[in-house]
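In the two complexes that follow, subunit A is the common piece, with subunit B as its partner first and subunit C second.
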Partner chain A sequence: MSHDEYQRYDAKILTPSFIVLLAFTLIGFALIAVRFIKGIGAVSNMSDGYPWGIWITYDVATGTAIACGGYAMAILIYIRNRMHYHPMIRSAILTSMFGYGLAGFSVMVDVGRPWNAYNFFIPSKWQVNSAMFEVALCVMAYTTVLLLEFLPAVLTTLEKTEWKTLQLLLDILYSRMGMERPERIGDRLDKVKDLAAWLKPRLDKVLIFIIVLGITLPTMHQSSLGSLLLIASTKLHPLWYTGFLPLLFLINCMFIGYSIAILESVISCYAFKRPFETKELSGMARIIPWLTVIWLSVVIGDLAWRGQIGAALALDFYSGFFLLEFCLVAGGSLLMFSGKKRESIRWLFVSAVLIVLGGALYRFNVYLIGFNPGKGWHYFPALAELLITVGIVAFEILGYQVLVKILPVLPRLHTRQQLDAEHGVAEKA
Partner chain B sequence: MGKPSRRDFLKIIGASGAALLAGRGEATASEAHQVNNETIGMLYDATRCVGCKACMAACKRVNSDYGSLSYERATFDTDGLWDAPQDLSGSTRTLIKLFKESDKQWSYVKYSCMHCQKPSCVSVCPVSAMTRDKLTGTVDYNKDTCIGCRYCQIACAFSIPKFQWNKAIPQIVKCDLCKNTNLLNKGITACAETCPVGAITFGKRKDLLAEANNRLRENPGKYINRIYGEKEVGGTNHLYLSGMEFNKLGLPVLKDEAPAEFSEKIQHTIYKGFIAPVALYSTLCFIAIKNMKGNNDADKKTAEHEKKGEKTNEP
Partner chain C sequence: MGKDALFPGVNRRDFIKTCVTVSAMLGLPFSMVSKVAAAARKSDNRPAVIWLHFQECTGCSESLLRSSHPTISNLILDMISLDYHETLMAGSGYQAEKSLHDSMEANKGNYILVIEGAIPTKDNGIFCKVSGKTALESLRKAAEGAAAIISIGTCASYGGIQSVSPNPTGAVGVRDIVKDKPIINIPGCPPNPYNFLSTVLYYVTFKKLPELDQMGRPKFAYGRKIHEHCERRAHFDAGRFAKAYGDPTHAEGYCLFKLGCKGPATYANCSVLRFNDGVAWPVGIGHPCIGCTEPDLLFKTAIADKVQIHEPTPFDSYAPVDLKDKGKGPDPLTTGFIGLAAGAAIGAGVMMAKKLPDGPEKGDDHGKTE
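Here is the complex of A and B:
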């Protein structure tokens, strides 16, 4: 796999959207500061009845599923052997990296005593019965794996860079101070370049083992995100409380992963004015309905087995949210079953949106909407609480926008056309 | 019989190995939840309680200064006499409530940690900040390990652990049977010591059960004929007698199986001996490397093909 498959997107970094996103990010981080000074209660509506609010439900439970694009793409490319999707993986990994990194960050905002988190690394404190323990370790490990998977992009850039901006900065700095620039800075920069050049082929050799680790870890912790609620047998509504929670969460993150990979590609092609990757996307969309069909059958089968079909059709508050989740996923999948609709970017986009919304709503249903701690407890996120989540998401998009402009992340355009041509020839032959 | 041959030796080794494995199997089987009635707890008799809240005041007086848990008190009320909390919270470990159905049907109820035999909070705590003392059965919390994830609050069927939402350095608060205070100094919990009408009995679980059964037998018609906590969620060490249905007193209707048994069963099935993840990783590695090799070969072939093509084009 050569690194020439990717290219930097040459464009200005300071765009209007950059400034808007930066504003949201700053508001969010200011509120995070308030949270650390005055306590969680000062910014959130969480309570002893609803100890997990929007931060855990969205940023962690749903955010990591939305960040499963890298996981889904890795399965497709390396396990199902569809190497022609390889040019798309780097941007998927970048979004996964942001998703997971920021989920970890959100957890540190959400937990009350983050300074004690080092206990996760002390074996005598390990509590292997806890799904949370498994999720925490796996997510930390996977974030590291994602960083390693993304490292080639950084190394390629470092290797080829001429440090133009840095040189310019140094020149200005030294001329301001009225000094000669010392030689050794140049030497050091060269050393960094050498190191990057030395490291890259070595990393390439072991990268496949890291990539496979990057498939194993999400399989483990995405299912454990479902296991987290297994203990709440008395609080989670029977529509969602089932021993199949781990399996449902696993399949759920896969179809969200493929759908989000489609959405990311469509949105970034639209935003960066690149040709749509229709062929790849429609190929990928073929997998999704099969996953959702398995998921929906497990859901229905499980409800029937536990005798809860009546509750699902009761048309009350809970049944409403269940049916909405169910119909969004089923509707999106129905669209994707049709080969014609899969060829149209518009329909691909619509069905992927439906499936992501439905899949995400499922996670909201399990973590918040279907969670009922008893009489007298209510929860709706506070404005400040929402703004912290918005700030973190804004930071995520901001980081993606900036990094694709300084690192080779997006698929190289001319290679892509070549690949298409080759593909066409192969199909004819 | 001569010296034992190599074969005999192997046989012996094999047999003892099998015996060891079998023994191990038994050990794991007996790990399943068992109720220990020698542990300590409390029996609360709602028919005796007069709702004076002396237990609440005593609890605060005795436990408030333990650890970092000093309660915010109004300057005019340094003794906490007029502190009248509505619910258990980050500054209240035990609480008396009144449930009134009609002028004739009403009852007080005391809330505090149930000290389950198989506690959910202990099962879910990722860093072992919640622990259950094997000897006394006390479910205790250690703020020096706790990361504040509040999973114990999600897990507890009784919603007992409370979090200090308005503190920059918060912690979980719940009853620990005066483990480090009154129990240590006087051998009895502060609430049981203070109760003027004997509504709270402190003792070993077996004695409490015997006493409760006694009261049920001797006063037919006075009580709901059941001890709450005897079987609920695998048994609790805080037991209740009442003249009103327990769920009317805010004590949830629960199954006999501990929720932690079910969740741990699933978690253990998936992660037993870490075999499944390792197997998954190796299988995926095998497939991925095979795929990579196949593709590299294909790449080489096309590359060679191109080279040949170039050569033929040259002249």
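Here is the complex of A and C:
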């Protein structure tokens, strides 16, 4: 594969949105510091009844699904061999990398005794029958794989860099200190360049195996995210509690992944004022309704089989959320079935938003809304708890914004005749 | 065991049964039974036991005789060499005194001294005399050559009823007089004979004293409160108490705490071992425990007095069915924040959708800039 498919987006880094996102990021991370100093109860409303709250529900369970753009794109490109989507993969992988890395980070914020976390790296302490262990292992491995998949972008840049900014900085620094700049710094920088040049072709050779891992791992742990709730048979509402949870979570992450790839592309083209990649997007949108139809069929068939159709139409609290989730996904899919609507960026955007919202609501329903640990328990995220999640999301968008401006991530414009594609700003939100 | 056996009249089956019982009592593994039996069988090994009676009612001895299986009485007499026991020995007068003196000489430093009854100390102890010697003198002399002293019953252990105020004879327990010998207290009024037997057999088997608590009682027998293993405990936990003797609640077998049962403050194994060979015990037949193994309870508190329960407090109602609200729900600030954010997101989404081009596009023109 060629690395010339990508280009850096040359623009100012310090934009107003950068400042706003930075502010949210700083607030969030300050509150994380509070959590580690004063304890988890100081920032969150979690309790013995609700040992997981918005951090796990959003950052981990939903966030990783939204970060499945890279997974969905990899399936499309490498499994279905649609190489003309290839220029879009790097930005998808970048958002996946942030999504997964920060999901793992959220777990560290969430666990009650983070100082015991090192046990995870000691195989003798593993509980290999645990779905949670599988999720943890896969998330960690997949984050590493995503880093490797993204590494070529960094290496290409290192290889070609002339360290202009760094040189300037060093000059200022040394002149301030009144010293001569030693020669060996230049030598060392050259060595880094050489190393990058040496590593890049070797990495390219094994990249395909890493990509295979990158497709296997999400398949494993996205279904495990559903398996996690299998243990809560008396706590999860019967509308959602089913033996098909792993399957539903797997399909769910795929259609969210494609939808989010569309959203990323539309939003980043809009924000960076680049031309829309209508053709690629509508091609991708063709896949989504088939996935959602399978998903909705499993949901309905399962409800009918378990005799819960009545509960779904009861129009109570739970039924309301179920119907909302159902209608969002079904509505978005209906729009995408129409070939004409698929040609329209506006309708692509609307239907992708509906599907992402519906798919994410499904995960919220399973993890939080349909979850009732027993009489008397209540949970609603505290403001500080929410702001930590907001801070993490802001950090993801911020990181994306900055990295596309310093690394070749977005599809190269002049090669994009029919195929470029794109990136998205972000995300999740 | 044949006719020539060590213990005539005891068949092997009963002997082993007793050894198993004793091993279990001591909390020893089953494999130790043979060791206990071997120790009990050896004739040379029989420890000499000298049993002295002072201010007492002989209830402890009677308990030992009456409440045991007949063959166990034989065992008690044969497994130890009971050289002097005023109630049981056949001899009397000079003959008895000689037997006592001979045994103390022959087994000097090795015999087990068993004391039953309190020792009067006022006026040089003239309130209790046997063959012209006061209890005080007899105890001091016998204690000199003893390997260990077992105080059987609450009187010998702590002074018992004789020592209750005004205590006209100045009665005290053995531990208040003898300070330089190991003393094992087997309190109770009367104590369970098996606790005594087990203590002796432990000594015979292992040549050392069993582990004792601060009150000098063997932990294997006095390590837990009656309350902890009481058959009426479930009633206590459920808040069902007998209100009066003869009341339906009493007839139903409810907990006797409110009638003054001292079980929650009394360390003894009566609730597990019971008396009369495991048939009955006070609480089992409807009488509250009077705390006879506790120096601060027996004769110091009225039978109807309730003891303080430190843990757990008895329930005075059923566990509530309607639970209180737990966990934290939404607060106005958070919901306001979410509302604003959601509104802004929906608004921005709609505005953006509006600005996005509708219909097929080449892609070069799109809505507004930002």
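Just so we're on the same page, the second predicted complex is superposed on the first by the 417 of 429 C-alpha atoms of A that agree within 3 Å, B and C clash if a C-alpha of one lies under 4 Å from a C-alpha of the other, contacts with A are read in each partner's own complex, and residues count from 1 in each chain.
Here is the rule we go by: a contact is a pair of C-beta atoms (placed from the backbone, for glycine too) under 8 Å apart; a residue touches a chain by one contact, two chains touch by 3 or more.
Since the model is a prediction, treat every value here as computed from it, not as a measurement.
Visitor: Subunit A superposed: clash or fit between subunit B and subunit C?
Guide: clash
Visitor: Is A:A117 touching the first partner subunit B, the second partner subunit C, both, or neither of them?
Guide: first
Visitor: Using the superposition on chain A described above, determine whether A:A131 touches subunit B (first), subunit C (second), both, or neither.
Guide: It touches subunit B, and subunit C stays clear.
Visitor: Quick check for you: in the superposed arrangement, does A:G49 touch first (subunit B), second (subunit C), both or neither?
Guide: In the superposed model, A:G49 contacts both subunit B and subunit C.
Visitor: More subunit A residues touched by subunit B or by subunit C?
Guide: Touching more of subunit A: B.
Visitor: Contact-wise, after the overlay, does A:G178 reach subunit B, subunit C, both or neither (first, second, both, neither)?
Guide: It touches nothing on subunit B or subunit C.
Visitor: So in the superposed three-chain picture, is A:A232 touching just subunit B, just subunit C, both, or none of them (first/second/both/neither)?
Guide: first
Visitor: Give one of first, second, both or neither to describe whether A:K273 is in contact with subunit B, with subunit C, with both, or with none.
Guide: In the superposition, A:K273 touches subunit C alone.
Visitor: Where does A:P201 make contact in the superposed view: on subunit B (first), on subunit C (second), on both, or on neither?
Guide: In the superposed model, A:P201 contacts neither subunit B nor subunit C.
Visitor: Would you sort A:G310 into first (subunit B), second (subunit C), both or neither based on which partner it touches?
Guide: In the superposition, A:G310 touches no partner, neither subunit B nor subunit C.
Visitor: Which listed stretch of subunit B (4-12, 22-30, 76-84 or 94-102) steric-clashes with subunit C in the superposition?
Guide: 94-102
Visitor: Go through subunit A and flag every residue that touches subunit B in one model and subunit C in the other.
Guide: Shared contact residues on subunit A (touching subunit B in one complex, subunit C in the other): 47-49, 374.
Visitor: If you look only at subunit A, which of its residues touch subunit C in the complex?
Guide: Subunit A residues touching subunit C: 45, 47-50, 266-267, 269-271, 273, 275-278, 343-347, 349-350, 353, 374-383, 386, 390, 429.
Visitor: Which subunit A residues qualify as touching subunit B in the complex?
Guide: Touch list, subunit A to subunit B: 36-42, 46-49, 51-52, 78-79, 81, 83, 107, 110-114, 116-117, 119-120, 124-134, 136, 208-209, 211-213, 215-216, 219-220, 223-224, 227-235, 243, 246, 373-374.
Visitor: For the complex, give me every residue of subunit B touching subunit A.
Guide: Touch list, subunit B to subunit A: 87-89, 120, 123-129, 143-151, 153-155, 157, 159, 161-171, 252, 254-255, 259-260, 262-264, 266-268, 270-271, 277, 280-281, 284-285, 287-289, 291-292, 294-295.
Visitor: Sort out for me which residues of subunit C touch subunit A in the complex.
Guide: 322-331, 333-335, 337-338, 341, 345, 349, 352-364, 366-367, 369-370
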